[in-house]
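Take a look at the structures below.
Look for subunit A in each of the two complexes below; its partner is subunit B in the first and subunit C in the second.
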Partner chain A sequence: MNVEILAAADYSLVTVEGRVDTTNANEFEKSMLSVVDGGATKIVLDCAGLNYISSSGLRVFLIVQKKMIAIKGKFALCCLQPEIKEIFDISGFSSIFSIYADKEAAIKG
Partner chain B sequence: MKNRTLAATIIRSVLLFCIGIFAVIFSIYYYYTRETIKETTRENAIFLANNTVNQIEQVLNPIEKIPDIIARMMESSFLTEDSLIPFLQSILKNNKTIFASAIAYEPSYFPEKGLYYAPYVFRQGDSISTTSLGGENYEYFFMDWYQIPKMTNSSYWSEPYFDEGGANILMTTYSTPFYTYKNGVRTFSGVVTIDVSLEFLKQIMSKLKILDTGYAFLISRNGVIITHPNQKYVMNESIFSIAKANNQPGMRSVGRNMVQGKSNFASADFKSKFKSGKLWINYISLPSSHWSIGVIYPESEMFASLRKINIILMLLVVFGLSLLSVFITRIINNITKPLKLLASSARLIASGNFNVKLPEIKTHDEMEELCDSFIYMQKELAEYIVTLKDTTSAKEKIESELRIAREIQMAMIPHIFPPFPDLPQIDVFAVLKSAKEVGGDLYDFFVIDGDKFCFAIGDVSGKGVPASLFMAVTRTLVRSISDKETSPSVIVTSLNKSLSDNNESSMFVTFFLGVLDLKTGLLKYCNAGHNPPVIIHGNGEVTMFEKTKYIPVGLFEDFDYQEISLQLEDGDKIFLYTDGVSEAENVDNKLFGDDTLMNIVSQNAKATPRDLIHRMEEEIATHVNGFTQSDDITMMTIVYDGKHNRS
Partner chain C sequence: MNIVFNFFPVLLFLAFLFLLDSFQLVRVKTLIMCLLWGAVCAVFAYFLNTLVAEKWAVEFSTLSRYVAPVIEEMMKALFIFFLISKKKIGFMIDAAIYGFAVGAGFSLTENIYILFNSPPEYNLLTWIIRGFGTAIMHGGCTSFFAVLFVGGINRSGNRLFAAFPGLLLAILFHSGFNHFPLNPVLQTLLIVALLPVAFVLVFRLSNKKLQQWLEIEFNSEVKILNMIRKGDFGSTKAGEYLKSLKEQFKPETIVDMYCYIGLYLELSIIVKRNLMLKENDFEIIVEDDVQPKLNELVQLRKQIGKVGELALSPLIRMDYRNLWKLNQLQG
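Right, the complex of A and B next:
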């Protein structure tokens, strides 16, 4: 797993690559929380390089989503690979996350 | 590399270094000492030669004066012809060194005395005899001793010669011309001679002490040997004949310098038959007779003192270096003694004996520091081992507790099949394989109100103890809620509310719950984010349930879950599973996948629930091919046998 964080003026762009599973979900959680606690009001998570996500990883997504809702911020996902999108669909998460096809739309939305 | 000790290594380096330094110092010392000895010898040689020359001159100079005086007396007519012989006799009487004296006149100087007139006074034994030289056999005015002074108008020392007729001793003749006035004109009239024994030269020369075996020799102006320790050379050889006989061009050039009256002190580049070894020579000429004295110095004796000092120095150095070696060995041994003790202690420690007593080192240096570190390490190791033992036993304890937890967890889910022998309308089979000791998957089924079959399958996010606890809570809540409820949506909504309340850890459960009316075959279900189950129709048709739009439970407490109804026909089966099945991975991270799952279900559409699940397990095992199971695997198959209602 590889996480890169890029803070822009009005949003923070996080790029996650590789696999997010039980072994590194904690690390991913820390990275994401550092962005949230850093005061970001809009987080765009680019999942183009995300190959696999376990339920532990989904939990991190949910934590971020909950926190962003609490501060009335926005958490946008984009560029999900079909397999990942499938997991979101199966678990019903598609209905609670803002999912965009590309990065520009996610930043604008 | 066998047992090369530290001491040996250091000694070798130090000795090499010392020897190098000593070699440099010694070379410099040797060079300067040699130069000094050379200079001292040179000064000594020059002094010696000059001294000898003086001694010889002291003898020869007064002798030279006598003929000069006689000549002047003749010239001034002070001496008359009659008084010549008595005068010469008195001279011989008074001068022991004079062997003979003559006054030789020009031919027919006194016409009345004939052609030859040369009165000659000489010693014969202890007496003094008189005779007259000249005759047909000895025309003296053609002799060198007469001709040369006459021609050069100056005195002349003859080449030394053996007086074979007389005393048979080495002689030389000093002759000086005299003049008389004839008709008022100063005319050469004859030669006054004095014969001198050269025996005194032998004495002077033999008295010279040159080192141990050095010697001096005297050559005439023609290079003839006058004195030499080797008597055979005297008057028989010249320096040039010796040089030629022994093929020594160096000696020849020295001889040439000597007869030319030069003086020098130098290393002789010739070998002497008389004196072996390398030689040095000093030569100087005698001012009066133009003879030359040569002094020979054997080099071995010249530098004998230096050689002696060298030997002493070498012995001192060898002794000093040996002492140094012993000293270094002792120091190193003292230093490394604790190391050796430490090394043997270290072996004992390595073999597991942590209580071995380490050597006490009180050297107040790095060695003590090392020993302290060692003691510290020993202590730490011992503590570490204790901790490790504790940790290991704690871990074993946890593992055994986890095993027990797993047994409890497994006991929470039904695992007796067939579960309802008295309900022929329904058959169920299920398995749960945790990836860890305890897992987060769950399944459950039970009957409500006698004819409502409730079944559920779920997957808690994450794994291990937290997931298993959450699973236990979920399972307990489901049982308690469904005690008085039969609506899946109400049960799930209620479950979600309970789980979401104070769910700080944001754990969640994907959950599928169905309630099948055994009498009518009507299935009501609610899918909270779980993998859609597969329905296998009695005719072998296989379809997947629609994807849910409801999120897993435990996230948002006021989420509104709805239920869906589906009419089951006789023989319809429902295959439920968790993502551990569809996402079972092999070593290449390739997932088992929904398509494979559907294919296997299709191929085994007619199989019993037990066979279908076992078949699926085999296929999963083949797919992962020994790769570590990363997620819990749970499967459940339900068969609705509606025909039993009609019978």
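Right, the complex of A and C next:
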């Protein structure tokens, strides 16, 4: 798993690549929470390079979503690969998160 | 002050356990029923203990050390047995909390009786020992019975066999406590110091198991369901296995099995998603069609029959936890 964080003026862009599973979910959580704790009010998570996510990874998404709701911020996911999007659709998590087809829409949204 | 030491320690301890339930497995309605059952047990146990003492001229020390622990622990255990029979308890966390609630209901009722009938020599220290020691011991005994019972049933499936070790341990612990092998104050201090630690350890272990369970099954279930929806199930190993059953079962049973697998996976994923949502304090998503789907699953299970279910066990095993899981969707 590789996580890159880019802080722009009005949003933070996090790019995640590879697999997010039990072995690295804690590391992923730390990275995501560092962005939240850094004061970001809008986080865009670019998932174009994310090719596997387990329930541990989904739990991190939920933790971030909860924190962003608490500060009235926004957490947007974008560029999900079809297999990853299917996980969200089948499990019903699509209705919990804001999911965008591309980065530009997520930043604007 | 007596009332404070009578009621608050056990209720605070119950609240502490309730707050540790991060997945919100415990239902308040069931928790209240546990407290009420404990209260009913205390009343019946009082009459039963009195009856035994009078009929067989049993001395108080013998009664409290050997007879009462058996009667009381067995009575308290009955409700946990009922809840497990109804698949209302899934993990050690909810088992511990429901068990403690039964014991709390018991000790609160017992303490109310003693409060109004206490001998003049009862002082503040006695109430502290009763409130922190005896009351929490009652909760702890039923709680550990429930934890061992749910652990056993997830392993063996046989209820009586699974219940026995926990019940024996609860009786032994209760009897040991009533022997007062240590100074009562020291005994109470030990309970207050050790029991929370034991509960925290049990809860941590249970949380870890729950997360592992979510982790292992969730992804494979999503993957297989996805294949079913795309019509690619036949190309998977599970699909090949289902095809191999064609010779042993009628074609319509194979169709039912196919539908059963799909429906089961769909419902299972919903339960797990809801657990993950609850863990993070999100409102759970309620799909309108869950109940009809559950009904359909029950119907399909009947149509497949025991032999069919056995044949499907390499793919789906309706063990205790899976039945508990589906039970979460009811009401």
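One rule holds in what follows: the second predicted complex is superposed on the first by the 109 of 109 C-alpha atoms of A that agree within 3 Å, B and C clash if a C-alpha of one lies under 4 Å from a C-alpha of the other, contacts with A are read in each partner's own complex, and residues count from 1 in each chain.
The rule is simple: a contact is a pair of C-beta atoms (placed from the backbone, for glycine too) under 8 Å apart; a residue touches a chain by one contact, two chains touch by 3 or more.
Because the structure is predicted, anything quoted here is derived from the model rather than measured.
*Asks:* State whether subunit B and subunit C clash or fit side by side on subunit A once the two structures are superposed.
*Replies:* On the shared subunit A, the partners clash.
*Asks:* Quick check on the superposed pair: does A:Ser91 touch subunit B, subunit C, both, or neither? Answer first, second, both or neither.
*Replies:* both
*Asks:* Please work out whether A:Asn2 is in contact with subunit B alone, subunit C alone, both, or neither, and reply first, second, both or neither.
*Replies:* Once the two structures are laid over each other on A, A:Asn2 reaches no partner at all.
*Asks:* Residues of subunit A touched: more by subunit B or subunit C?
*Replies:* Counting contacted residues of subunit A, the larger count belongs to B.
*Asks:* Stretches 62-70, 152-160 or 188-196 of subunit C: which one clashes with subunit B?
*Replies:* Looking at 62-70, 152-160 or 188-196, the stretch of subunit C that collides with subunit B is 152-160.
*Asks:* Once the two structures are fitted together, what part of subunit A is touched by subunit B and by subunit C alike?
*Replies:* Of subunit A, residues 21-22, 54-56, 58-59, 62-63, 66, 87, 90-93, 95-96 contact subunit B in one complex and subunit C in the other.
*Asks:* Using the touch rule from the top, collect the residues of subunit B that touch subunit A in their complex.
*Replies:* 440, 459-463, 506-508, 510, 527-532, 547-552, 555-556, 579, 589, 591, 630-631
*Asks:* Under the definition above, what is the set of subunit A residues touching subunit C in their complex?
*Replies:* Subunit A residues touching subunit C: 21-22, 54-56, 58-59, 62-63, 65-66, 86-87, 90-93, 95-96.
*Asks:* Subunit B touches which residues of subunit A in the complex?
*Replies:* 19, 21-22, 25, 51-52, 54-56, 58-59, 62-63, 66, 83, 87, 89-96
*Asks:* So in the complex, the part of subunit C that touches subunit A is made up of which residues?
*Replies:* Interface residues on the subunit C side: 211, 214-215, 218-219, 222, 225-226, 229, 269-270, 272-273, 276-277, 279-282, 285, 287.
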